[in-house]
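Okay, so subunit A shows up in both of these, paired with subunit B first and subunit C after.
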Partner chain A sequence: MTSAAARLGEGRVTRLESILSRRLPRTTALVVGLAVALVVPLAQSPFWSFVAALTALYVVFGLSVVVLTGLSGQISLMQFTYVGVGAFAAYVAGERNGLPLPVAVVIAGLATVPVSVLVGVPALRLRGMYLAIATLTVADVFVRQVFASRAVLGTASTTGALMTRPSVIESDRALYIAAFALACFASWTVAGLRKGRLGRAFLAVRENDDAATALGVNVVKYRILAFVLAGLYPGVGGALYAYLIGGIAPLQFGFTQSLQLLFGVIVGGLFSVTGAVVAALLAVLQVELFKGRVGLVTMVGLLQLGVLLVVMMRKPGGLVQIAQDAVAWARLSPTRRWPVVVGAVVGVVVTLLLAYHRQDMAARVLGVVLAATAVVLYRLRRRLFWSAA
Partner chain B sequence: MLEVRGVCLSFGGVQALHDVSLDVGRHEVVGLVGPNGAGKTTLFNVLSGFLRADAGSARLRGVELCDCYPHERIALGLGRTFQNVRLFPRLAVFENLLVALHSHGRSSAMASLLRLPAARTEERRLRDKVEQVIDLFGLDYYRHTPAAALSYGTLRLVELAVVVALGPSLLLLDEPSSGVAQKEVEALGPLLRRVVDDIGATVLIIEHDIPLLLSLSDRLYALELGEVIASGRPKDVLEDPAVAESFLGRAPERA
Partner chain C sequence: MRSFVQVSILGVVAGGVYALLAFGIVLIHRVSGVLNFAHATLAMTCTWCFFYLSDQDSGLGIPTPAGLLGTVALGFVFGYVLNRVLFVRMANEAVTKVLATLWVAGLLAQALFPVVQGVVPAQLATTLPPVNVKIAGAGVALQQLAVVVLAVAVALVAHLVLKKTMAGVATRASAQNAPVAELMGVDTLKVTSIAWGVAVASAAAAGALVVPFTYLDLGSLADSLLRAIAASLLAGLVDLRLAVGAALFIGWAEAQLLALGPPFSGAASLIVSVIVLAVLLVGPDRFVLSRYEKLGPA
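Our next item is the complex of A and B:
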């Protein structure tokens, strides 16, 4: 540590720096983190298992965006349509035909494949905005025509249907364990993509499809495969989602939800599993924990909007990249910069906590003041922190 | 090795290629010269499958290329570079090279996704191969640099390394010296020579730098307006009056 700091021309190493940069072995940290994520909600009331299960499923949905948009460079506004396809398939297989849960889940995953191929083939000729519009149309068709059809629902109404959980996942706790396992498995596969043949082919296609073709990558195959993969995860997750919520309704699976998911993952970070996890935490935090607390939801929304703007202009990697860059920035001059980074994080957390506990005007005003201070500090950072260095 | 017979291609009313035939023998380095718009790159695009010829055939080691998809031609042993470098800008040099080995890999999408042992063994093998190419081109310093951060000269070198990593039996080089400083062009000649000898490839090369071309090629074809107007030993072709006129402009009248 001392040598690293000395190399950077910084004589002293503060205690804060040595604490913050001491590296836990990665696997140990990961295992401990996962164990905490699994055990803590289970130890609380069932409500926490419900929230945790929702988060885990959001991770699964978010990963599909990481694969499709982050890795293979295609934009889709129908990721929640896949969730719907999975949910409705589970309803038809499990609820209406009484098939056992594992079979229903597998069917939910497989049901997305024809949809992916059907969308993926015309999508070969579309990029960016046009692909987004095309998928948006598909999403709308599904909401209006497929999910709301009496043939699928088997009921007189077209507004939705209830689902009864099979005994294995009857409790919220059991359902959370299932969702957690699914999220872990999905994360594990996506995390390894970049280091393997499949993920590299996705990246090559995203970066330059002519060059990819010239190197023997079958562009058509991998663009469609990306769609299929990005449909499978939410499809399987969608089955559990339907059981978790306890029912299905066409309007749950519209493009608004897809749009929120896409924005969420862009804010969290498009290029890594961590990004999907951050997106899931933010989404569930907003939807479930702060239910009815309008002020706080607005504030988190504003915060996200701010991050989204920064992301689009400066940091394509989202919050994950912002965190990485902040750490790298701090390490260049630890004594002066670590306090700034830690201060910023503490500021955000304190603002949110204040708003959570004191839902009055004062808290919101305080939040705005803190945000403004942060911006001013950022603008003045050269004078404040660089001149002395 | 490569037999091109009567290839025709027109864009609307413009005949880009008209009845082009040429041969490249095993381990031969053959140059293509001609003014801009002569159809040199168009011919490369037809050979590598980016364009479909209206008529004619192109056989690589007896296999009809026109029946294959572009990515299948790579598996048959075709490798090409582009006039303006086309790499993967946000990927590191090492990853760029790994993509080149895509067609050397056999593992299925499923095996790759689930990180099955076979896929992992294969991945290690491919990484070893990339190390060899990095050594050959002396790219060690740049292995983690994203392609977008490289200077144009280095980019050219990486592009060459990427194509060599493909292990092609027929190499199509589209103006390897374009955009490279004169001093580096002089270094490019020996490097290309070494690469060609090293991988024992057959080469078809488009090049405007005459000294570089002369130092490399065994034979030349001259194209003008989509037609072959001369072929043979480099010196003879370049001295051919028709070539001189189309390529360099009309010779000044001697007093």
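Our next item is the complex of A and C:
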């Protein structure tokens, strides 16, 4: 009896110790990070609230890719079509029928469900390449036939329509708070999903259908559920996206945008919430911060594609995995390797900041220096780093 | 008011570009199992080179027939190198390969955009004399007619090569069982790379011959890609002749729907999507592949 109580007590202490030593710093860092992410853009000009809101919504869109492709292993080239479905549903509900914002947002989310089922049911029979073609085709149908139809738009034009923000999200700051809350909720649910029963079922279906079925996992149910969840997030986000950018146009929700989103999440990391955040930052960098500056957009795009190639061939976990590997590599010989890792991160950030502040020449010089240093360090890696390892 | 026959002829001629693209898509898929989503972008990249070679003002100004030959040669090298450098190194998973083709399309678009910005959209010169040929009362540009003839000829020649020659047998062997083919002395890497080269060269020819009738832009053939994929699916992604035939059929069907006027003309772009989804739902394998499984390919 005594020994059992002691063991229990010991166990509790060990668990408490574990929470204090491992979870508490992480939770603190997360809370501080979220507080900074919320407060800093609000303290700046409205433009930064706009940029931050866009980033938050891209996180939501990226999470749909994490759920569908990362967790359940199904490829989709129509994730931005769901954003469009949400945006157009919000337009019809809020703009044309005058429904209040919360109702319009709920309708935007629910509108994606039939589309998800419509795609998810045939997807039960399709894999990989064929599923990619099917989703590409559905995206094409939506852009050409549904979004551009006068019945949906209710206007004589088929090129799009303007959206008026409701009073509650009239300012960019208010819209950012709403988008931030949505991104936090979506991230929390996806993170929970990964650890929970549903996430395990998704992973089982992704790894091996037959084995999952043999273990009692309902493959049909979970495949369709993955599509529904992956439609729900961008659907709700799409409503806020339409209000944020002030209008809807069919071509905003095409295959190209879906592909950029998919590439962004693969580069960021297909299997984690962090991957969606990285993808969102990359997307906003290209579509908003460097807007109209062809050279910079191309540079970021080519860098992203370069990383994508590495990810496809060597590091399926994306930048998240690359960062983890870099940290593990640096820990083996902190005095020699940490400066390299920290220097690389600082160099990239400084280059981007210089580029953003239109110091193009300085950014180019620093970029070339960084690339040359990386090549030299890689060539001399055995002499410089291996002996210490 | 055009007659049914005239509309049919114009439709089939319009389907020529789909046919050449579909030929390349099926050829690549047969030899390496890759569905090349970058095919249209590759075609446009080569077409851009054609513009650079042949344009009198912005380019080198060499004669257009020589420019066309140069473009086709460049397309061959492009495809050959692409397979050797990239696709043979990819993991043997369909999704990774699909992503790799999309990666190529994205890379070309990103890399070319700053180069072509400000130059395109531009008008290209025709390679053949700009004369119209009258067929059953329908006026068809000689060069557009040449595209159809080229597509049919290329598909037939490729079919015969695959069926009757040792090189064709080696290609089929590489496609069906690469390890065994290598044991039999076939250089599978070389064979698949040559097939990639031929496919991209045909796409380059399609771009250089068809784009003069629209305008040169990086997305000029984007719409044609989905139609070419639809035709390839109808051919089960294995039959070159059937792919060309299906592409011409799609051109014909679209033209007929457009000629009917509203509300049918609105469905013209929908017909491709319907075909693709129908084939995928029924199962592409059931269309042609099952026949191949019984009779053997080509």
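By our rule, the second predicted complex is superposed on the first by the 343 of 389 C-alpha atoms of A that agree within 3 Å, B and C clash if a C-alpha of one lies under 4 Å from a C-alpha of the other, contacts with A are read in each partner's own complex, and residues count from 1 in each chain.
One rule holds in what follows: contacts are C-beta pairs under 8 Å (C-beta built on N, C-alpha and C of every residue); 3 or more make two chains touch, one makes a residue touch a chain.
Fair warning: this is a prediction, and the values are worked out from it, not measured in the lab.
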**Item:** Touching partner for A:291 - first (subunit B), second (subunit C), both, neither
**Value:** neither
**First, second, both or neither for A:199, with subunit B first and subunit C second** = first
**Partner chain in contact with A:216 - subunit B first, subunit C second, else both or neither** = first
**Request:** Have a look at where A:207 lands relative to subunit B and subunit C in the superposition and call it first, second, both or neither.
**Result:** first
**Request:** Would you check which partner chain A:382 touches, where first means subunit B only, second means subunit C only, and both and neither mean what they say?
**Result:** neither
**Request:** Considering only the touch criterion stated at the top, classify A:128 as touching first (subunit B), second (subunit C), both, or neither.
**Result:** second
**Message:** Between subunit B and subunit C, whom does A:26 touch in the aligned arrangement: first, second, both, or neither?
**Reply:** neither
**Message:** After overlaying the two complexes on chain A, where does the subunit B footprint on subunit A coincide with the subunit C footprint?
**Reply:** none
**Request:** Can you check the complex and tell me which residues of subunit C touch subunit A?
**Result:** 35, 37, 89-91, 93-100, 102-103, 106-107, 110-111, 113-114, 117, 226, 229, 233, 266, 269-270, 272-273, 276-277, 280-281, 283-284
**Touching residues (chain side subunit A, partner subunit C) in the complex** = 75, 122, 125-130, 132-134, 136-138, 140-141, 144-145, 259, 263, 266, 294-295, 298, 301-302, 305, 308-309, 312-313
**Asked** Touching subunit A in the complex: which residues of subunit B?
**Response** 48-50, 69-71, 74-75, 79-80, 82, 86-91, 95, 98-100, 102-103, 105, 107, 109, 112-115, 119, 122-123, 162, 166
**Request:** Enumerate the contact residues on subunit A facing subunit B in the complex.
**Result:** 189, 192-193, 195-201, 203-204, 207-208, 210-219, 225, 229
